[in-house]
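Below you'll find the structures, each written out as structure tokens.
The same chain A turns up in both complexes below, where it pairs with chain B and then with chain C.
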Partner chain A sequence: MGPDSAPDPPVPWRKVLWERQPFPDNYVDGRFLEELRRNEGLRQYHYWAVVKEAGSVGQQLSCVAIFITVWLYMEQGLLSPEVLLLTSLVCAMLGYGLHQVLASTVDSGDEPRTRLADLQSAAIFLSFTYGFSPVLKTLTESVSTDTVYAMSAVMLLAHLIFFPYTQPSPPGSLSLNAALFASVCLASRLPGALHTFAMLSCALLVFALWPCLLQRLREKAPSQFTGVCVGMCIGGIGGLGSQSLVGAVLLALALGNVTFFCPLLLITLQRQKDNIQGPWDEAEIHEDLSHFIQ
Partner chain B sequence: MVLKIFYPQCCNLANSGLLIGSWIQGHNSAVVLAVVHYPFIPGQVKRYIQQVSTASGVKLSVLGSWSLPSEAEKGVENFLRDLRTIFPQDRWLQISRKMGQTGFNCSILDRSQGTILFVHYDQRNVMLSQLHPIQTEELDPSDSELRQVFQIVSLSQPLFLLDRYDDGPLKSTHWQSGGQEASIIVELLKMASVPLCLTISCLLHLLPLNFLCSKLSTCVQLSYRSDHLRALSSPKTAVGHSEFMRKANVLVSILVDMALGFLLMYWLYSDNHISMLANALVPAADHVAKELEELLQWLMGAPAGLKMNRALDEVLGRFFLYHIHLWISYIHLMSPFVETILWYGGLSAGLGLSFALALLSDMVALLTFHIYCFYVYGARLYCLKIYGLSSLWRLFRGKKWNVLRQRVDSCSYDLDQLFIGTLLFTILLFLFPTTALYYLVFTLLRLLVVVLQGILHLTVDLINSLPLFAVALRLTRFYRLAEGVKFSVLCDEPDTPLHLLMEINPLSCASVIKTYRTPTYSCYPKDSWTNLVKKLFVGELIYPWKHKTIKTD
Partner chain C sequence: MGQRGRAVLQSNASQQESSGTSQDALKHNRKHNICMVSDFFYPNMGGVESHIYLLSQCLIEKGHKVVIVTHSYGKRKGVRYLTNGLKVYYLPLQVMYNQSTVTTCFHSLPLLRCVLVRERITVVHAHSSFSALAHDSLFHAKTMGLNTVFTDHSLFGFADISSVLTNKLLTITLCDTNHIVCVSYTSKENTVLRAALNPEIVSVIPNAVESTDFTPDPSQRRDDRITIVVISRLVYRKGIDLLGGIIPELCLKHPDLNFLIGGEGPKRLVLEEVREKYQLHDRVRLLGALEHKDVRNVLVQGHIFLNTSLTEAFCMAIVEGASCGLQVVSTCVGGIPEVLPEDLITLCEPNVRSLCAGLEKVIARQRSGAVPTPASIHARVKNLYTWRNVAERTEKVYDRVVGEEVLPLHMRIQRLRSHCGPVAGSIFAFVAVLDFLFLLLLQWLVPDQIMDLAVDASGPFGMWNQESGIKKRTSSQKS
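The block that comes next holds the complex of A and B.
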């Protein structure tokens, strides 16, 4: 029986509007709630799978921590720019080799970049950074240190927020730019032009090239990916710990939060999820309409 | 149905006779223009009306008869009625005055009786006045009644040429001038003006006055004046009211301008003022340069406690200081010739005060050339930074400007593009305040000069465009420029129709200036204030006056 208790007519009610029926317009019959659907398209997550995925977030956080550690070392003069440059060069060569090895295992559909293009890009990076480093050195001279720190912090946070965690291979413009801006700000606080150059090369390695390699690793060797993530996290905590214990503790807490607590929260809260769908929802067009639009 | 009769005041006491005038098309009213007295021969009257109609273009006719009390006898009454058969009309007015009555009596023959309204007008004033807003002079039945009245009266000037003292076959009453003003000097001037105009226009056609350099206000003023003179000296007489007024305005403004110029010249050359000015000019320029140098020194430090980029600050400051140094050397090189230049420049005042002012404006522009240079450098640098920053900010967010669609699209950049873009963005961002401060200071200086030049330009423009003749006409002969009319009741007696007096409402002074202003470049639309502020913000160059519009318009 519907909301309007009309006397039972001989004709059964049909859910059509083009026919004149002896029912009011808002009439529905008893089968109304049969079409109720709950939690459609729900995916059941497994805790450890979520933790594994969250590892990439934790890994990025550790990357930022490692970069800050390197900067702290540079600023206190504990790390000479030559050493940093040499280390960066070695890391870059190793990473490039690994990248090539992983690329050759399975042929991808896209046209791969040639060695010449890579060399060209590298030459552009190095020459521009080297050429601009004296300018960058004097850039923030008159700006107060606190302002520079605040700007760097905001920009690094923006980097972490806007980082495309699912598809990091072509790095997201905003996140990469924010990270580079922050590294230019920080690098301009260092004592010499060579320091600035070394710092910027390091930033390029950490923020631009490392996510590409990691993405490749994740696609081709998922088992190693977890290990690399754990390694990065430990490296980040250890590096920060050598400079400030409080920072290390905070980083460890944050990492634990992101990788263990947040997935737990997600899975427990998912049980509470209750959303309903039914014929009252607005219409969805599933058909491909492209042949209408010529 | 009200019949309106416009009756000239000068015919109030005319001897009896025929009313000559015109019916107004499309309205139930008539204008009386003249009274033709007895005795007359009907054939001559008809021929005369025919003549005047072809000369003036107004369809004149005999409207009826007019009788004054002294002859108002019974016989005349009948005679007047019979006249109608001689001049066949579908309407016949019979106006008469009675003894002891101020008002007229009027009867319309062969028509259903309606109310009659007399409107008395001053024939001379209406003939000479021009009703505003100005429209074409031809008679148009779609015009309003009042406009038609004005046009009929002013067009039927040939009718008024018939003099009371003429020894012709017809005698009539209407407005009459006290006689043509016949001054021998005026006649000689009129005779002389034709060859004078011809020679001036020949000279002007020979001179290549189409100046390419529209930047110098003296040249602009010269080309204006030559245009004016060309218009004045065209041998054709002015057709129509507005062209006549324009010519007269231009002539008067040129004369006044030259008189003021001669006054200025008298002052300049009388008491050795020229050398005084010349002696004061070089120290003044020196002083300005010194002040600028101090300003630059201040900017190179920490101006107002702002933190500027030290390296860029120093580079810019040194560049500008060197520029000032160059400028001072130039001024000192020029200083022996300044007095001569001023002496010859002062002669230009003979062409008019406006020329002297335009020359002054040019001299101000030349003497503050260094400020202009600073401003241009600052503005170009600032503009570059603004554009660079805005496009790099788009790159920073991973967007780009789509030129074809005129919108911001998202775009995926290469790694090296992103890297270099961010590097440049950072550099531009941190150098921006320094450039902006330099730009701000020099823009303020430039604005000072622009305001000064703007005031000079406005004065020149005022001299060029003020309709002095029209204003004088409004002040001395207020009825010449009419805005409308006002009516007052003349007499309202029983048994006579209502009599109204029509007086001319003079045009207000503001609308005189608005209507008769000579078009100059200040009449064209200029930049609005918001546009100016926008230009200043983006770093586009500003000029005291938009010269380009003259060329395009």
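The block that comes next holds the complex of A and C.
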């Protein structure tokens, strides 16, 4: 049954090796590759649904822009730390109230954190930041300003890259730490210790608490979520525009790119997807076998 | 090219030898000078290694000349002779990972050229897609104008980045390989897809099992108990996690059930933990790594052979199990459903529930005595897969391959670029040109004509048989 012997087709070919069949070894039957499956379990995306999801990425980008805007105002002395602290406090109270309201609409099964515990954490954080703000202020004194800016830029980029967009609550430790590192760097370049304190409180609000609130909003009121995202984007562009027109244009381009162009790219490239599966694939163990050992 | 000239000369010589016979008869009587290349060979042990060795032995028996090229293993360097004058070249090449050598596309050319020219090789037969040396040799052999055959022993997926890269490499090295051999139909489908091949140049020649080494011996069984034998490397791909789920499930249900597990590997921990947790020390025996000669003695102690592999191109283990007269239970993955007839194997889905159900069925059958005797199973299996048959079929592949024309450089470049995509194709077309220039340099430094020809140990002019008497005498004098 070498590759050259003539095919003799009265008996149908079978995909078995144990039987000597009257076919050459290189025989290709019509059933060749019949078990090949293409693009199994492929998810079909809809453009506007993807745009909506991408909105959270754009929103995060705008958060960073807003934070930088606030810092620019502080640095130029256009915004006093007292005003920022007061605004932050009001925002925090409002946000906390909203968070509570959204939580109470559907009562979750596990025991919720008490208000007292929340108050306690806030008090600890604020007192420590206030106490340490003179230290933080002088922390990067020996480092050149260029280095500080470069470091902040890299860290904010890292924050954006490693941000857990699918599950932002609680914020991922890497992205949160990167963002806080960047804010300490930036805050240390402000004129006074109170400035540093105000800036760090604001950073906590923007990078740690806001994503939690937004996630809650997304779960409970998805229609409002889109509006909030759009609002944040406009706020970010407007805020940056008041300081630097080029920055605002670049941000607008980036936002347009992320929210409109990238989803389009995903959907077009989806058509090119050619994933093949077949009997040669390694079987996967779906069961949880750990209970046999533990 | 000198090599091609030589090949023509040689075929002329063989034509003169058998002048008077028809062209067709000549084709079937032609003896080949075959060079088997793979990173995997003795002292490494495994399926590929034994495949190369046993196939070579059968080809030598059929009068062909066979040499094996592999990389050096520790102190085992240079040329060694194995049984029947099977010459093995252990080339001093750097091992990178898992016994596979480093590949730079060029550095192995001088050594390989030496071997191929000195041994007057006509067909280069490379084995295993994990072997970098095999890929290198396919590439260089084409530069030197030789015909090539490749045997693929394993299955690959398409999803992860490592398989994407290896598949691209395979596409490139197989793009002008004359013929490819796969060990099962599933493996053929896989290889055809991976390397974008014409299925007509892919033959399916299954592995074989030395059935005389795997004879049943029911007297070794304990009749008051039922023993399930597992012999495999204890690694994830062999489904040892599934085995860890099956053992407690079945041992709790059947108090007379024993497990006998041969093999070593990182997943041994799983089995030891299971044994510890369920206190099965007297019923689950872990034998550790087994030598090939001991496998049969373990197999004959069992009633049921269990294979839990998650992927398998052919699976010789189940044939060995059946050859020893055991009832075989196996996962239905890869090429396994093609290997044994339905009544000799119980196929299960690769999960604990299905495997347990399959085993229960076989255990019930075993208890009721409704199973064929080991001797009758052995009788059915023993002639299914023999190395002689494999050698015969491989010989036909060689016969077909030597008649084919080797693409000249410009055609080869064209083929690489049209077949392997614009980027990788162009890069490797460039590499092919460099390889060719490198070969010209080597030929200028040491022309083929002045290279010494090696003494044939096997093949039509093999010296092994003539000299073996003398060798024996000298060795006895030494001792």
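Just so it is clear, the second predicted complex is superposed on the first by the 253 of 294 C-alpha atoms of A that agree within 3 Å, B and C clash if a C-alpha of one lies under 4 Å from a C-alpha of the other, contacts with A are read in each partner's own complex, and residues count from 1 in each chain.
Methods note: a contact is a pair of C-beta atoms (placed from the backbone, for glycine too) under 8 Å apart; a residue touches a chain by one contact, two chains touch by 3 or more.
Predicted model, so just to flag it, every value in this text is computed and none were measured.
A.B. asks: Quick check on the superposed pair: does A:278 touch chain B, chain C, both, or neither? Answer first, second, both or neither.
C.D. replies: second
A.B. asks: Would you check which partner chain A:177 touches, where first means chain B only, second means chain C only, and both and neither mean what they say?
C.D. replies: After superposition on chain A, A:177 lies in contact with chain B alone.
A.B. asks: Looking at the overlay, what does A:256 touch: chain B (first), chain C (second), both, or neither?
C.D. replies: So A:256 meets neither chain B nor chain C here.
A.B. asks: Which partner does A:286 reach: the first (chain B), the second (chain C), both, or neither?
C.D. replies: The second partner, chain C, only.
A.B. asks: Give one of first, second, both or neither to describe whether A:204 is in contact with chain B, with chain C, with both, or with none.
C.D. replies: First partner only, chain B.
A.B. asks: After lining up the shared chain so the two structures overlap, which partner does A:25 touch, if you call chain B first and chain C second: first, second, both or neither?
C.D. replies: A:25 sits against chain C, while chain B stays out of touch.
A.B. asks: Quick one: is A:135 in contact with chain B, with chain C, with both, or with neither? Answer first, second, both or neither.
C.D. replies: first
A.B. asks: Overlap of the chain B and chain C footprints on chain A, residue-wise?
C.D. replies: Residues common to the chain A contacts of chain C and of chain B do not exist here, since the sets are disjoint.
A.B. asks: Looking at the complex, which residues from chain C come into contact with chain A?
C.D. replies: Residues in contact with chain A: 155-159, 179, 184-187, 189-190, 192-193, 199-206, 237, 239, 241-242, 244-245, 248, 270, 273-274, 277, 310-311, 314, 331, 333-335, 337-341, 350-353, 384-385, 392-393, 395-397, 399-400.
A.B. asks: Note which residues of chain A are touching chain C in the complex, please.
C.D. replies: 1-4, 15-19, 24-26, 28, 32-33, 35-36, 275-287, 289, 292-293
A.B. asks: Residues of chain B touching chain A in their complex?
C.D. replies: 307-311, 395-398, 412-416, 418-423, 425-427, 430-431
A.B. asks: Touching chain B in the complex: which residues of chain A?
C.D. replies: Interface residues on the chain A side: 121, 124-125, 128-129, 132, 135-136, 138-144, 170-174, 176-177, 180-181, 184-185, 204, 208.
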